[in-house]
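First chain written, first letter: the chains are A, B, C and D, and each begins at residue 1.
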Amino acid sequence: MKLVYFAWLREHIGIDEEQVDLPATIDTVGDLLIWQKGRGDGYAIAFSEPETVRVALDQFHAEQDDPVDRVEEIAFFPPMTGG
Amino acid sequence: MKLVYFAWLREHIGIDEEQVDLPATIDTVGDLLIWQKGRGDGYAIAFSEPETVRVALDQFHAEQDDPVDRVEEIAFFPPMTGG
Amino acid sequence: MSVTLQPDDFDISSELDALIGGRTSVGAAVTFTGLVRDMVKDQRISAMTLEHYPAMAQAELERIEAEAHAKWPDLTDSRIIHRFGTLEPGDRIVLVITLSSHRQVAFEAAEFIMDFLKTRAPFWKKESLADGQSDWVKASLKDDEALDRWKEQ
Amino acid sequence: MSVTLQPDDFDISSELDALIGGRTSVGAAVTFTGLVRDMVKDQRISAMTLEHYPAMAQAELERIEAEAHAKWPDLTDSRIIHRFGTLEPGDRIVLVITLSSHRQVAFEAAEFIMDFLKTRAPFWKKESLADGQSDWVKASLKDDEALDRWKEQ
C-alpha cells in the first residue's frame, strides 16, 4: 500500500511517499491515524492532533470510519488552502 | 422646459426632444403624463398606457407624485432593457 | 470607481489589469460580461441596437457604483463599461469588474451592480430579427424580482 | 467543462474567448480570479508557494465542476485553471469561468465552484514572510461556513 504526505505532514515525516504493509488490526481511517502516531518521532508530531489531518483514499476524501482495505493509495494532508 | 423621448416613445412621437411651456395646472409627473396623452396622435399612442412610461427629472428616476416645477429636463422612456 | 459608455468593444484582461493597477491588496477579482444572444425564445436575432440616454446613463451607473461601495466598504474598486450602437450576436455588451480582498464581497457587489444596471440604467435594446422585422425588447419581470433580494438585507 | 493545473500564468480574455468558442447562445460570462495578496493580517508576504496533490487535485476539481453542472442544468460551460509553484504578490493563482444564457446561473455556479475549490481541492499555500520566516497558511473557518449555504438549497 502506498502512503503519500503533503504540506506540513510531509515536512514533519521527512518523506513524501512510502510503501507499507498495514497491520491486520487496522480496519478504518481512524485506526490508521492512531497507528501512524506510534511510528517514530516525525510521525508523532505529524499525527499529534489527528483531527487536523485529512485523509484521501484513492484520491477521494475519506471520513474516520471509512474502511481502508482494497485501497491502493492513501494520502494524508492538512485542511486545504488553495484558490 | 426641455422634454426628451427614448425608444418606442421617441418613435411614436416622431421627435427626440422639444421645448415646451407646461400649463400652470400641471404639478406632478402624473399630471404631465395625462396632459401628454392629449397632445396629438403620436402622443396618444405613446402615452396610451401611462403606467408603462418611466419619467426622469433632470436625470433622476421620478415617481408619479413628484413635482415637476424647477426642473430643466424631463425624459420619457419605457422600462429599461440594458446590460 | 469608474463608468465608461462607448460604441467600441473592450478587452477584459486589459481592463482588469488597469483597474487593479498593481495594487497587491486585491485578492479577488470578479468580472461579468453580457453578450448578445442569437436566439430569444423562438426568434433568431440578426442584430441588436442599443439606444441610451447619455447624460443620465453615465450619472445613474455612477450612482449604482457609489451605492455598492457604500454597501460593501471592503469593495476595493469597481468598473462598468456599457456599449451602445448596433451589435451582432456574440458581441460583448457590458462589463462589470469588482475587486476586493475577499471573494464574497467581489461576487455580491458584481451581482448587485448588474441587478441595478438592468432595471435602472437608461438603455433600451431593439432586436432585428432574421425575418426583417425589428422590435423593442420587453423588460423582464425576472430582473425586477432580482432587485428584491437586496431590499431584504 | 475542463480543468487545467499549471505553473504558468493565464490570460483571462483568451481563456474566456476559447471557452465561449463562438457559441452565440451565451448571454452571460462570469470570471473569478484569485490573486496573491502582499499582506495577511499584519504580516508582509514576499512570496507564496502552492503545493498540490496532482492526481487528486485534477479529479476533485472535475468532480466539483460536474456537481455544478448537475445543480444548474442551464450552466452552458465552465473552466477552472489553478496554478502551482512559487508566486509573488499580485500574481494570479486561480481562474474560474462560468457561461450561461442568464446571469444568475453564471454567478451562482462560479461562487459554488470557488466555495468547494477552497475547501475540497488538495492545494496548500506556504507563505514566505518579509522577515525570512515561512509558514503554512491556516484553513479559514469562513471558507467552511461558505459551504453551508449550498446545503440549505
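Criterion: contacts are C-beta pairs under 8 Å (C-beta built on N, C-alpha and C of every residue); 3 or more make two chains touch, one makes a residue touch a chain.
Just so it is clear, the structure is predicted and the values come from calculations on it, not from any experiment.
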Count of contact steps on the shortest path from chain B to chain D: 2
Distance from chain C to chain A - Cα centre to Cα centre, in angstrom: 48
Whole-Å gap between the CA centroids of chain A and chain B: 72
Inter-chain centre distance, chain A versus chain D - centres from mean C-alpha coordinates, in Å: 26
Chain B: positions in contact with at least two other chains: none
Residues of chain C engaged with two or more neighbouring chains: 34, 114
Each pair of chains that touches, named by its two labels: A-D, B-C, C-D
For the chain C and chain B complex, residues of the former touching the latter: 34, 50-53, 55-57, 59-60, 82, 93-94, 114, 117-126, 136-140
Footprint of chain D on chain C - complex, ascending: 11-14, 16, 20, 22-39, 89-90, 101-104, 106-107, 110-111, 114, 142, 146
Residue numbers on chain B that touch chain C, as the complex places them: 4, 6-8, 56, 59-61, 75, 77-83
